[in-house]
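As structure tokens, here come the structures.
Both of the next two complexes hold chain A, though its partner changes from chain B to chain C.
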Partner chain A sequence: MNASLISFVLRRVLTVLPVLVGATVFTFVVMRLLPADPAAFLASGPGMGAADIAALRAKLGLDRSLPVQFGLYAWQLLHGDFGHSFVTGNPVALDLLQRLPASLELACGGLLIAAVIGMPLGIAAALRPGSLFDTACRALAVLGGALPGFVIGVFLIYLCYFKLSWAPEPTGQIDAALSAPRIVTGFLVIDSLLAGNMTAFASALGRMVLPSLTMALFALAPVMRMTRAAMVTALASDYIRSSRALGLPNRLVLRYALENAGAPLITMFGLIFSYMLGANVVVEKVFAWPGIGAYALDGLQAADYSAVQGFILVVAAVFAAVNLLVDLLCGWADPRIPRAA
Partner chain B sequence: MPVLAPLLTVRRLSLAFALPQGGRASVLDGLSLDIAPQEALALVGESGSGKSVFALALLRLLDRHAEITDGEIRIEGEDLLHASDKRMQDLRGKTLAIIFQNPASSLNPIRRIGRQIADVLLAHGERSADAARRRAVQMLARVGIQDAARRANAYPFELSGGMKQRVMIALALAASPRLLIADEATTGLDVTTQAMVMDLIHEQARANNMATLLITHDLALAAERCDRIAVIHAGQLVESAPAARLLTAARHPYTRALLTATPHAGSTLANLRAIPGQAPDTAAADLPACRYYARCDRRTELCKSLPPMQTASSNGAHVVACHHPL
Partner chain C sequence: MKYGSSALLLALFLALAIAGPAVAPYNPLAYALADRLQPPSLHHWFGTDALGRDVFSRTLAAARTDLPAAAAAVILSSLIGVSVGAACGYLGGAIDRWVGRVVDVMMAFPLFVVAVALVAALGNSLTNVVLATAVINLPFYIRLVRAEIAARRQLGYVMAARLAGCGHGYIIGRVLIPNIAPIIAVQISLNLGWAVLNTSGLSFIGLGVRPPTPEWGALVSDGAQYLLTGQWWVALGPSLVLVLAVFAFTLIGDTAHDLFSPRSAR
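This part shows the complex of A and B:
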């Protein structure tokens, strides 16, 4: 079992490699199609002339042909070197590694809130399809799906911070005056709890509320609708009818339905999580969240090639990891799915 | 033989479906039926005749578009239509149980079969999970599953169609019901497996003093396996009689037509006759009083307006609902 599991994971990792290569080539080309010149951007000081820009271009290797540039970049990548960010001056790998946990923390927080609210609503709607409650949920889902995330984010900041003063100021993960706890998981809320630093924990948790709520509102509609769909399918099935016919108590019948909706729900959560990592970009910007999304957006504005390319690679890798996790969990939730296929 | 109080009594049961496009279909019309303890009764009819709906009505498992408009169902004297939902839950499985047509989809696909049987036992009074598991293995052995202790850990998808139906029977028998309903329980299984499953139902019913209600479109199967046969056409019960008598002395034109449409050993293609026309649309506003009217060669104006007359044989065993019986 364990040996087959390991070989399953290894084979999946191997199938991901072509995807990563494709993503690398694609972003590399697209970035260079942009009508922006990082050298001109960097050398935009008052005393800079055309000669300085040309010197900078040569220094950055931008004067070489595209295939040569790509070959050099790929060679660096193979050695674990994502290049340097023009903007921060740091190695891109280091920047991304420091910022990835913040993004994951936000996506997890949003998904958790969406699941805690959306799943019970979806289940309740599935139990009474066509009812007033079901219709109300549908309307809510349409509304939530129609509002873009940054609008919700800005509105929440306006309401909860400026008007009501319930929320801490929307500037990052933790109060700047507090020292961050030692990094264990990279999730600030968990790390501060592990360190027993309750002040840091309260500050980090407080600052998570609004951005994760914004993310959650974005995910709520799909969570609710897909939970409802999975449950309606399960509840209409023959085995639910026969379990009722056998006199099983309602709680157990509902549990049968939930267990059978498990694999589709896990797949849905994987999809939504991947999707949220993309939606992060705007929300992180609105809340000054130090995640990879805001980093990529800054990089894009500055034509910071390595930063954006690194971001895409990391997101592609996270997508692949989430998909692998989804497949493993589905195999656990549904015995009919071969675990080591 | 002492006259036993009936186990199941159904009186004037009428049931309608609300149609999505508006209007209602009268699916069952004034259906009355008794089943004695330990009796094997077959309910025979074409598809769409309302026989499966009848089974679901007995269990009160109809979907929400169905409404029972009239009549009464009693099991062991207890009024089923007015029982509380909680009481109904106790009765299902324990007093009346059902085996459905499609064993492949009727078992929970992601729960081990032993555990599914244990769930039924625990729902009906068993307290110890260990004892429930042990009895589940015994139940599997009882329905003829080899190596039951190991098989109890199997998932439904790991079993053949015949085995799945055996598991369904084990589930239905788990809480020792008084009445076992088999709704087309062998349809879709191959002939050998069909015979095996029917034998098993028969043998288990006898061993446990259960009554059985066999719901089928197969008159030959009904005659072979049951004491008594009731024939249903478009929601109306047209005739009921002891099996042998129904085969030889059918009085309703529809029963007779069914018999000539049923192939049996020694019959040639020439003496097989299809029943002309089709069952009427039960949603129609102008349904004739006898719903066989349009297909019947003995019809008169009377059949259109006046509900069919019930005639019983002198001992009451053979009942026919027709103005012009044979």
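This part shows the complex of A and C:
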């Protein structure tokens, strides 16, 4: 660890601040200002009069000026106070922290499947641009882009669970009869494996297959398209032509091209990961997955604004963290990216 | 073949949306409890749902909800996005930097989540679903138009227009925008597909239309409840039509892209 690397990392950390500030402003505007009157809504129960509403407004700070309200709001967030959910009765921060690993597990599983299938297809298409295989891949990508996640999920359940009984019941992360393993990473599949609990591992893995497959089908088209684009660019470059002219074996040439396509590929995975965090909402609903997306939807239906607002902030924070990681990995994958910039 | 088939698909969908009620075999809202959950047959092409309503008629009627909603969202976001993007690209400077920053932050969020939050805050109605869809598509137009205009503002024909005494408004509206119209057209047709996906996705999770109103995402969500008891047809018909509609728009966008940028077509 030298000084220039540390200052590079620090500068990168500073660049995600605008996203976090933007997210805070966004949730403040959307969740606190747009709803007609949160106090009137909360106090709409029977036996609540104008005095109760006024008291609630004072308690929520709604009688102060906007900048003061925003300041109070940001202050609470900085202290980890995301408010209380009146659906679960718990602090929102606690609820989200418990559910976040389930969502991340799903997104990671989906991304992994999409990468394992999509990258070889994209590379093969880039090797023979314009071929029948390339055209078929492109058609597949267009078709994949037209498939809504909820349609895929719903019919995967019908086919694999109802018709063929291959998949376990689409209700949550693990069989309700099994006790969950001790939480280490929060990823149920990994935790059960660490605990050596093979029954729990099999159940958790089995229940992950269909939802991650749904998520993967979402990501497959962009993975394939972007891998192809990155490889076409790399293969068209001078060093590849030189390597071919030198008579290097194809395997080696391909490796050089892949190494150089590394940085754009890492950027692509970062983009797709954040896109999948949005797709999570729908997939979690279809599979009754206990993640933050399902939590936000439940909150939404009950007009539980603290829950929805907490969800948006967490997603923004995860997104910022992923972007930071992408930046750092790109610097590692491509030494030409200047660290001073 | 590709041009023909995509145009044909689009024409089919427009015709169905316009002629929908006239050709629908049943009233999409009429209950017929005696005919509940019938599998597809000659009388009911897509079967019937739990209230005996004809799924085919409902799917047809839903085109009249989804297509105008998607079109309205795309018109709204393209009008605002093109104006803002053109202003930024042409003027540059502080406005450009600040708008660019806001757009970056917007793109930073998973956009579907932004749409969910907007509908939650504004109130659960179809109008707000359209508004939210328009908002989340804005950054794409702003970025695209900004970049294209910025690349052209110093070109000879723009200089000539300026020397001829044309005002900035005239140069943006009558010289630059017509020059990038094909690029905007491609974006609009791709965008229509996303807008349909977004509208139906929001409806699937319960945002947007109110129950008896037929809408593709809501129809799939409704049918999903009967999948696990074996009545697959309630969800299948609307799913297929929805996928076909999005596919048609994507294909049109792809075709338009090939037509307007022959150099990048392979």
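Everything that follows uses one rule, which is that the second predicted complex is superposed on the first by the 287 of 341 C-alpha atoms of A that agree within 3 Å, B and C clash if a C-alpha of one lies under 4 Å from a C-alpha of the other, contacts with A are read in each partner's own complex, and residues count from 1 in each chain.
As a convention for this text, a contact is a pair of C-beta atoms (placed from the backbone, for glycine too) under 8 Å apart; a residue touches a chain by one contact, two chains touch by 3 or more.
What you see is a predicted model, and the numbers here were worked out from it, not measured in a lab.
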item: Clash-or-fit label for the pair chain B, chain C on chain A; value: fit
item: Chain B versus chain C as contact partner of A:315, first or second or both or neither; value: second
item: Which partner, chain B or chain C, touches more chain A residues; value: C
item: First (chain B), second (chain C), both or neither touched by A:208; value: neither
item: Which superposed partner A:245 touches (first chain B, second chain C, both, neither); value: first
item: Which of chain B and chain C A:149 touches, first, second, both or neither; value: second
item: From chain A, separation angle of chain B and chain C (C-alpha centres, steps of 10 degrees); value: 80
item: Touched partner set for A:268, first chain B, second chain C, both or neither; value: neither
item: A:104 touches, of chain B and chain C: first, second, both or neither?; value: neither
item: Partner chain in contact with A:297 - chain B first, chain C second, else both or neither; value: second
item: Superposition-derived minimum Cα distance between chain C and chain B (Å); value: 10
item: Doubly contacted residues of chain A, that is, touched by chain B and again by chain C; value: none
item: Interface residues, chain B side, partner chain A - complex; value: 59, 61, 89-94, 97-98, 100, 102, 105-111, 119-120, 123-124, 155, 157, 168, 171-172, 174-175
item: Residues on chain A engaged by chain C in the complex (per definition of touch); value: 18-19, 22-23, 26-27, 30-31, 34-35, 129-130, 142-143, 145-151, 154-155, 157-158, 161-162, 274-279, 281-282, 285-286, 296-297, 300-301, 305, 308, 311-312, 315-316, 319-320, 323
item: Contacting residues of chain C [partner chain A, same complex]; value: 101-102, 104-106, 108-114, 116-118, 120-122, 193, 197, 200-201, 204-207, 217, 220-221, 223-224, 227-228, 230, 232, 235-236, 239, 242-243, 246-247, 250-251, 254, 266
item: Residues of chain A that touch chain B when the two form their complex; value: 237-239, 241-250, 252, 256, 259-260, 262, 333-336
